[in-house]
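There are two complexes below, and they share chain A, which is joined by chain B in the first and by chain C in the second.
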Partner chain A sequence: MSAAATKSLECPACGGAIELHAAGYSLLHVCQYCGSEIDLVDDTAKLIAQHVEAAKALVVPLGAKGVINGVEWVCIGNLEKHDGWEGWEEFLLFNPYHGYRWLVLTQSGWSLGTPILSTPASPTQDSFRFEGAGMKRIYDPAASEIRRAIGEFYWRVKQGDEVVSTSYVGGGKVLSCEMTGDEYNWTLEEFASSKGIATAFGIEDTGQYPRIGDYPQPHQPNPYSDRAKNWGLVAGIVFLAAMLLSIVLSFGGERREQTFVANPASSARSFSLGTFEVTGRARPFTIKARGEPGDNNWMYLEYTLTNTATDEEIIASQPIEYYYGRDWKEDDRSGTIKIASVPAGRYELVAEIALPEDEVRANSSRGWGGAGGTGRPVTVEVYSNGVFYSNLFLLFLALFAPVLWIALRAANFESARASNYDGEEDDDD
Partner chain B sequence: MQSEANCPNCGAVIGTGVPGLPVVVCGFCNSLLGKAGDALSKVGEAGRVPFDVSPLQIGTRLTVDGVRGEIVGRERWAYEDGFWNEWLLQFPDGASRWVAEESGLYMIMEEFEGEPEEIAVLERIDMADRSNMGERVRFDNTLYTVSDMKTVRCVAVEGSLPHEIGADQPRKSIDFRTSDKRAITWQKDEEGHSLWRGAYYLLEDLSPSNLRRFDHWDKPGFETS
Partner chain C sequence: MKHAFLAWCAVCLGLHGAASWYGYSPFGDGVQARNIYSRGGGPMHK
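Coming up: the complex of A and B.
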């Protein structure tokens, strides 16, 4: 046997058809057609205030049904509230077996409020723990005014009624406490997506922050923080893989080292580091030089990498210098050169050393002592491969710039959110 | 289980209600009938319980603290700003609890005797009227917050009841709640005071069966068979 779920009445003022969905719970009905208030406390629809307001289309119409988290709800009432700073709407939802819920439409989106049975804290506290989460006060107790009420309510709501409320956030949820004269009513609010509400009630998507509103709701998930984490993880993995790969690829090359003593008196200052085989893909060459030019002196190395088959040459040079004064020093006695990509083939590497004495001799001028006639040693090390840190650095930038950008957006989202809180240091209210 | 008799007011054949409960309401003429042995006599008017969409009904079974009971009667209470149902939940051993149903919440209460010093505190809060809202008081080493104060009256009853309810007799009622869903209610009228303690529940916490059915609403997933 199934009982009727609604009770039908006529508005005693305008004759409009009214369906009560929470008969026996509802104390008051405000006619959606004319705004007249009908008292339901005595089981007879008694007109308590007659109005002739124009019917207003509600975002969620009275009588609309929608399924949220697997439970069906009917919208039975609508309140418009304002706290002097901004306004919002609250839709009262009802299900005979599950009781009441509040669907709140703020400037930034939707929230679903469930009345809670327990008293989580005294609303004078600034913070407390609730179901394992640390709750922190975000809105100090402040009065808001009911600017309009339409539909049926379980208390006698009146236009102009004031209610003092305070809110806390923690663990992705909001706890609000309304203090109405003789009652403390706590509500647990969970974020609801505008798309989800639109689908549930078959209404148009109202949008949510950042499409509407100046700041996100306290419990709106930060869409950037997860993305920043995911992208950061991916970027980290890719970068690590690139590093490992370039280290692995740097194996298999050859390494040679040779020391040569350059004699100023002799013109034989060219020496070969031997031949190298580059097979398959192009490979980098890394050439490190370490020399002793003498005090306040220089030497100059010129490398020629010659393809023995084609005689094509790759030329690179490396100055070696050591200068100092009483209180300064410029020590460039070692240096590294990288040749990015040497195509496959057989190569000979020759290094040639130039000394200051060569110029002296060329200018036929005498009397410049320099470092005298002592030999100056140079050690050249060659890797027919190498890790290109500049490439890795570019890769790092390419990978992490978007992560940084999204992390900044995540931080902006949070600071926009916090800008609306009371008692924050960056409170700009 | 129930025997039958004629209503002394309208003559209809009615069940005599739950044995051991001294009052039954005639479902035809809403007379409040007192039981003396097998004899019924009219002791007052039960009033008419208005149509509501309460999911509970006489015959609904609920489990409280592991014991399953059945609803056998109901009182409809009202105050200046609202109304609620008190359902009498009868257990097989003859014990009973009241299920107060308001705004989709269920407070299950049983009567207890307070300590004299607790009664003194309650009397003081009662006298101070609404100025004590939000005050915290200690019962049984538990802190309770004064959360609701109102003057209430019974407007209608149905089914079997443990007492003749004084219709429209005003009664002062103060609710105290803990942070963990427990509650104490203090009630006081011309005949004296009573103290009730219990806790708030959701309907789904009570493993309900034989809930009332409504057109266009699916039965809830938590209903047991």
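Coming up: the complex of A and C.
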């Protein structure tokens, strides 16, 4: 294809100045001022049909030049089509070394279409493979009408012409086929961002879904799906880092363990778990207890953590219970409590055990009052540090709530996209 | 939006780190009064 010459002429109908950008390639020019059709086959411009239409400002003006993917294109023609449901515009781009491209402007944004000479499939097929991607039909064959044609074209097009078209999507691209009689014209469409088109041609940014339109284009990348993955990855890394931090900070405490047998007959049921040194910063205390209160019975541990320097006391308590019936069981014979933010200092921890017999001996005749006179063992394990899993749970919620939100937006994007496909449910129907 | 999310992650990590450093829990400090246990206990099962 040799370089095309730019040629100027006057519209034979209205006298408007016309500039041909693909002179030698175009067969037809439709005057942008009056809509008259001018034959360009010969050197002289012959009037085919005269119209009187007001000139319409085009989103991409005829003659506008823009660089897309490193190739400079000039806009030479514009078609306005309508399929009875919605309309769209197609701008014919030309480059003497690369041929023709279609810039398609739908209600949701732009596509760049490359005519392909091969026949990927029969347009009667619902699916097929093309360049390694599975293509699935999204729009059933439907007639569309050319409602306006302006500029230069490589075929004789006129207002009112009808074509039947169908579309497939796959691999992030759309393959559309226009059928006129026995002639099939396939075009491979790639999504083009409105900002990119605006920058390329120096026009106003017309926007794209979700700024305009009710649904995204079939090949429009979902802007939320990658973000959801990336955010999820970041949230996961931060969560793991926080877990690691919690574990590291939980090191360095003192550990004590003691087993005590509580005798119902004796009131001496207090025992010391030793002293603990909290240095530098406040730390939590983790106290695990497991005991044998007896069947359908309880025991109650009350801890007193006393600062040996100030005599300030911190009180915490823990029930140890075991109840069961014919088909139920409540087994709380072991449990863990945590005391938060114990300030730096030296502490002694004392545990005191209470039994039912201490207070309700009179009720023992009702079969509730205890496990008899046997000693009831309890083992208490204390660690002067620990991890609050509730903090990690809160952190998980805080980190992954935005991820969930963006993932829902990604899902809504796909849902809106699919709602426009033929054969898919559409809430608007 | 990306920067806002990263800032949010940093704030969350910072708060969690501070809570871990001081052994803090927003769900309570575990401290109680003496003898708060409902004497006699009993199963919750009905």
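Following the convention adopted for this analysis, the second predicted complex is superposed on the first by the 408 of 429 C-alpha atoms of A that agree within 3 Å, B and C clash if a C-alpha of one lies under 4 Å from a C-alpha of the other, contacts with A are read in each partner's own complex, and residues count from 1 in each chain.
Please note the rule applied: a residue touches a chain if its C-beta (ideal position, glycine included) is under 8 Å from a C-beta of that chain, and two chains touch if they have at least 3 such contacts.
Values in this document were obtained by computation on a predicted structure and should not be read as measured data.
In the superposition on chain A, contact is made by A:H21 with chain B only, not with chain C.
Contacts of A:A316 after superposition: chain C is touched, whereas chain B is not reached.
When the shared chain is aligned, chain C comes close enough to touch A:L399, but chain B does not.
Once chain A of one complex is fitted onto chain A of the other, the partner contacts of A:H98 are limited to chain B, with no touch recorded for chain C. Of the two partners chain B and chain C, it is C that touches the larger number of chain A residues. In the superposition on chain A, contact is made by A:S122 with chain B only, not with chain C. Within the complex formed with chain A, the chain B residues making contact are 48, 50-55, 78, 81-83, 85, 103-105, 130, 133-134, 136, 145, 147-150, 177-181, 200-203, 211-223. The part of chain C that touches chain A in the complex is made up of residues 1-2, 5-6, 8-9, 12-13, 16-17, 19-37, 39-45. Put simply, chain A touches chain C in their complex at residues 227, 230-231, 234-235, 238, 241-242, 245-246, 249-250, 281-285, 296, 298, 300, 302, 314-317, 319, 321, 323, 325, 328, 330, 337-342, 354, 356, 359-360, 363, 385-388, 390-392, 394-395, 398-399, 402.
For chain A in complex with chain B, the touching residues are 1-5, 7, 21-25, 27, 41, 43, 70, 72, 94-100, 115, 117-122, 154-156, 181-184.
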